[in-house]
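The structure appears below as structure tokens.
Which chain is which? They are A, B, C, D, E and F, in the order written, and residues in each are numbered from 1.
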Amino acid sequence: MQQVLMTGAAGGIGTLLRPILPKLGVKMRLSDMADPDGGPAPDEDWAMADLTDAADVARVVEGCDAILHFGGISTENRADLIHEVNVKGTYTLYEAARKAGVRRILFASTNHVIGFHRRETLLDADSEVRPDSIYGVSKAYGEALATYYWHKFEIESLILRIGSCFPEPKDRRMMATWMSREDMLRLIETMLFAPRLGCPVVYGVSDNPECWWDNSKTAYLGWRPRDSSAQFAAKFADFEPEDPNDPAVVYQGGGFAKAGHYED
Amino acid sequence: MQQVLMTGAAGGIGTLLRPILPKLGVKMRLSDMADPDGGPAPDEDWAMADLTDAADVARVVEGCDAILHFGGISTENRADLIHEVNVKGTYTLYEAARKAGVRRILFASTNHVIGFHRRETLLDADSEVRPDSIYGVSKAYGEALATYYWHKFEIESLILRIGSCFPEPKDRRMMATWMSREDMLRLIETMLFAPRLGCPVVYGVSDNPECWWDNSKTAYLGWRPRDSSAQFAAKFADFEPEDPNDPAVVYQGGGFAKAGHYED
Amino acid sequence: MQQVLMTGAAGGIGTLLRPILPKLGVKMRLSDMADPDGGPAPDEDWAMADLTDAADVARVVEGCDAILHFGGISTENRADLIHEVNVKGTYTLYEAARKAGVRRILFASTNHVIGFHRRETLLDADSEVRPDSIYGVSKAYGEALATYYWHKFEIESLILRIGSCFPEPKDRRMMATWMSREDMLRLIETMLFAPRLGCPVVYGVSDNPECWWDNSKTAYLGWRPRDSSAQFAAKFADFEPEDPNDPAVVYQGGGFAKAGHYED
Amino acid sequence: MQQVLMTGAAGGIGTLLRPILPKLGVKMRLSDMADPDGGPAPDEDWAMADLTDAADVARVVEGCDAILHFGGISTENRADLIHEVNVKGTYTLYEAARKAGVRRILFASTNHVIGFHRRETLLDADSEVRPDSIYGVSKAYGEALATYYWHKFEIESLILRIGSCFPEPKDRRMMATWMSREDMLRLIETMLFAPRLGCPVVYGVSDNPECWWDNSKTAYLGWRPRDSSAQFAAKFADFEPEDPNDPAVVYQGGGFAKAGHYED
Amino acid sequence: MQQVLMTGAAGGIGTLLRPILPKLGVKMRLSDMADPDGGPAPDEDWAMADLTDAADVARVVEGCDAILHFGGISTENRADLIHEVNVKGTYTLYEAARKAGVRRILFASTNHVIGFHRRETLLDADSEVRPDSIYGVSKAYGEALATYYWHKFEIESLILRIGSCFPEPKDRRMMATWMSREDMLRLIETMLFAPRLGCPVVYGVSDNPECWWDNSKTAYLGWRPRDSSAQFAAKFADFEPEDPNDPAVVYQGGGFAKAGHYED
Amino acid sequence: MQQVLMTGAAGGIGTLLRPILPKLGVKMRLSDMADPDGGPAPDEDWAMADLTDAADVARVVEGCDAILHFGGISTENRADLIHEVNVKGTYTLYEAARKAGVRRILFASTNHVIGFHRRETLLDADSEVRPDSIYGVSKAYGEALATYYWHKFEIESLILRIGSCFPEPKDRRMMATWMSREDMLRLIETMLFAPRLGCPVVYGVSDNPECWWDNSKTAYLGWRPRDSSAQFAAKFADFEPEDPNDPAVVYQGGGFAKAGHYED
């Protein structure tokens, strides 16, 4: 693994990760539709690309050994936009990877692919897909696409169902779903250097006290989160008790599960 | 159930079913992008619609209690066409249904959603999605979409993973995957009139001797196939033995699993 | 098996079964709290007993090889009565059986032990108990009691979760839950004469088209229902469509699941 | 959670917990049939109540947000007493809770509900009930009752199958089943303040080296035991080897599984 | 499949099958250590071979497309003999097959590989091996060997756990374990001509009323037994009731499970 | 446990363990076919024995309470040798143990019993046997034999599927399969002194970052590995990336799975 591409590098997770990416010890190409806030850092290799433009994508994928595909729309939005970017764009990325001989991809999926499971159900890699949003449905498309490229072309993907990757939990629910950027970085490192990756589904979450997701089936990878939301417990100590029957509390998808259909 | 819409009515399955649809005893509206071969029958209610055109779809859905959604591309094809029709088109159909208050939909999915499972693996409603084609990936999108509309809006869908619905098996593999049109019709009747449908995954296959798919988890519906491919056994009695390690034999998707990426 | 006791012989199922019990070819003692409607038949051996009276029960159990325990309250009722008859009474019966050396008991349990499962969930012998009524809770007590006597004293019990044992289905739901008296009789015969009974949970239901319950784990017994509610389909052909989201339709327990707490 | 009731406060576990209950930071009402040994502490709010007396129970439940129901008979005893207290009494408590609008209950169940499983079988929340005593059967009644109130009335219960909650293990078996009072207190805190409790089955046991019970399905609660019986290993270092085929060693229920029927 | 070898052709099952083997429509070579009782039939192709003699085995395997390996010791015996014939002999057969390019083997295993499961446990292809005899252990060796040749060399084997293949059931237990020779022949036909065999475990049993073994995981083969022991029910109608706690009744292996270690 | 026999004491694991065996606090008899390299230590009790010689084995087993059976061939070899030592020899050992009244045996099995499972499949005690070598097949025989002696004669065995027990990992694969000798010793101690052992399958592996095997089903034993291969990570930091599709990487058996049939 010499050259690695990160898409969506100007997005939320990209922005969190960029300062610590050098720890990976690989050449990193960063890509997004626009420059990052504040502009690229001096030592960063930026390459603009629109995921829905096959030529753009082919250009940035060229010469890469692996891709961290964080690009795309990452919350509920208009269905036409989601189809354009998360369906067509993800397909464009995988096709470019296939043609360029890329062997490994991290596909940034989301917990909203399984957001309509109840909080009291422990999920694992084989749990039924139950998207809570059109956004979640589009990521289910991406997950299925990743398995297609694996079974047909032996392109390995880590399907990463990310919980909440922020500097710290922003609400009570994130005490269960939070993932630290350091745990994310270690997972990326694992995914890049594992002798065999295959096409596993991994839940992207730190070792928080409240646990909804069981990653034991992918223990062969050797990734174990080291951080925990427990350090932020005080922040929510005096929170107003939630209604246990509020759909945003009942379902793992939280507010996404509760919301009606997106209207612009 | 007074008024039922069938999309894709000029397609393969639509053409097979049209002569026997009157047995359902409901008012049937038939829709496709073009007139059926030979033109509509005198008593048929045809309504032209392009699935990717929201206005068209809204018009034909209007006033329907249920939809048999057989429309869309039903084999491997160019990805852009598949995205347009099977992704965008399926979304358009479900949104129209939601707005029009339709309560039940049969979503015609395919065995190519699980085509990369080995033949010796018995699948059921909870088996992992393993599409063997971009076509299969697009149907995985549709299945996920159906569950979204069920969990969020209580629109019931029968997710039907159709084997091979033809007058008779066309090759050795279809001895396992064949579904008679009469079994299909009985399943449609079941789906229309069951007290509660929910959002089950059902494999569309007759009671053939070779069985890859187990529908027992959806036995609550009360559908039991009555036909069998056994009646066609003589047709394949002198077939050339197949190579058990040919990908088209190893995988349930047959030729779809064996084929390379679609190139136009 | 020479001498068999049936409790609750004047109740609904007892009354249905009495005319065909002679087919079993055993000496049958019939017991209830009161004489049956119309009085005993000339060749019947009746013995009055109150299940909550240990002396009564000891008397009728005396000399029996097996017991068909259909006695008790068989629908929702005041909790104090249910506790008296179905909890204390069932205990009294099992203790009397233990002391008298009875080796086999049919414990008439009910589908209301699992009535809060959804209709679209296929249950089997290991499914979680989810009673829909205090009546159902009392039968969960009886089921647990039967396993206690099995594990500690090797008294074998057939735990029979009866669906709806009537001459014919009385409502739409019973198309799924109906059990013919002939299927019941064959099950009793099986239970009396099996080389080994153990302590299985069996769902008491005929081979109806709609199937919620899977008895395959107890296939070692050799009981296969031969009747089907299909013969009564015409009776419900013109039924008013049910609301699939009505709790009485959603849950297997039907009206029991929908009802509030019993108030006298 | 402002006001919490503890029943059985003068019993074994109540006595262990009372000194540390103030850490919960809630107003605690303590109840039992009689004064605690040594009398109430100055700051304790005691309320006498007989669980089988509905008026008593209604009085102490009044105004409570949650109940820790440790009351009842906690070992094998005469069946009539167990039925009176653990069956009728538990029902009385739940009915009082329903009428008073209590939303959460900890139901103190026992490992003797599953005592006839072998030691080498790892159990979890879905394991089959196999009571080893009439006491265990009565707790199976209580567990079923708790699920009834959850499914019908949305009263949340933590069904706690307690191992051995003592200051320290009293015999070799308790090295596996021991639960520290601090772990118990943390579980109570978790149960009171979780955003959503549902109706989970949790095994009440510390993080002991020998582990028979797997709580991972209820990891969503966020409770993780911190204590371990390992600290008491020296106490049993020179124990006489046990016979691995002694029923008290074979079965998880230990001496309860080995004992004959209770005779007074 | 032109040329098929049957080993053990002079044994019990071989003798039963020989008259009907011509229905298979293949050239059959029959082999055993000695001539069959009464000598070969005029049209039979007999080839003497000792399974423990590599040269013998190579000679009879030569030119075969498939092997029906019924040879070996088929009941409990001295361990040294069993090791010689069933361990060393089976290895010799598989090695000869590998070197001769044979692609398919029926390995005649036995229910005594799983004979220490209780009668009330429904087994399937994935059930734990629990041999009830050294004979059963030697067949577990053979089953493991078959999977080795499958995974390493793609030699397909049907691992057939035969119940009781006799003209008719000889005792009460065989009402559950009986397999007709016609069902056996149909299974052989299926195994020879299936497009893909793989390396499945199949229980060799007819469609008897009492069923201990579930073949649904291998339904892809298309074999469904058509006979049933029900036709012999009268034979056992007046049997002396068996003791349900007799090890020969408790365990599926019957008398094999009950017997002590073989002593010569 | 006073007197314990270790077979194979001059082999690889025996040599590693011998210096630390005194920590067990039992009288240890060491046995092998020849003297250990460098000769016995002064305080060691050595007894020569050939596992295939019943008289030899009877002599060394005499008077032992337990056996640590590490003897036998521990890598792929000529089939006739493997059958002689690992099949006949293991049988000889168990028979001697039965006759001498030995109650507990550690049977040193190997991960090569399951070597044809893919690396990305998490295995546990119930996973299907898939040997990757004749050596692995012979250990499958030994495992089946151990269960026979357990079910028929109540001789308890720990079936230990050893990963790689060396001073440190010797290649990249051993980062996942490594077991420290201290973890091995603690497991032996656990096995000798557990109140009840039964006949569990345990994977012999330290708490390494990469985990292929899940021992949670045998958590009742109380063994938890304390070492980890993580301490050796630097050793493989600059390893040449492996081909994820190399059979030696795909399969858990590593090079054993990749190798062709053993040719001498």
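To be clear about the criterion, a residue touches a chain if its C-beta (ideal position, glycine included) is under 8 Å from a C-beta of that chain, and two chains touch if they have at least 3 such contacts.
The shown structure was predicted, so the numbers you read here are calculated from the model rather than taken from an experiment.
Engineer: Would you pick out the chains that touch chain A and also touch chain B?
Structural biologist: Both chain A and chain B are touched by no common chain, going by the contact rule given at the top.
Engineer: When you check each chain against chain A and chain F, which touch both of them?
Structural biologist: Intersection of chain A and chain F contact lists gives D.
Engineer: To test your reading of the model: what rotation angle superimposes chain C on chain D by C-alpha positions, in degrees to the nearest 5?
Structural biologist: Rotating chain C by 180 degrees superposes it on chain D.
Engineer: Averaged over CA atoms, how far is the centre of chain B from the centre of chain E? Could you give it in whole Å?
Structural biologist: Whole-Å distance between the two chain centres: 41.
Engineer: Can you check how far apart chain A and chain E are, centre to centre, with Cα atoms defining each centre and the answer in Å?
Structural biologist: Chain A and chain E have C-alpha centres separated by 52 Å.
Engineer: At least two other chains touched by the same residue of chain E: list those residues.
Structural biologist: Answer for chain E, listing residues that touch two or more other chains: there are none.
Engineer: So which chains end up touching which?
Structural biologist: Chains touch in the following pairs: A-B, A-D, A-F, B-C, B-E, C-D, C-E, D-F, E-F.
Engineer: Considering the complex alone, what residue numbers of chain C touch chain D?
Structural biologist: 79-80, 83, 87-88, 91, 95, 98, 113, 116, 126, 128-134, 136-138, 140-141, 143-145, 147-148, 151-153, 257, 260-261
Engineer: What does chain A use to touch chain D in their complex?
Structural biologist: Per the touch definition, chain A meets chain D at residues 118-120, 122, 172-173, 175-176, 208-212, 214, 241-242, 244-245, 249-250.
Engineer: What part of chain B is in contact with chain C in the complex they form?
Structural biologist: Against chain C, the touching part of chain B is residues 1, 103, 154, 156, 193, 195-198, 200, 216-222, 224.
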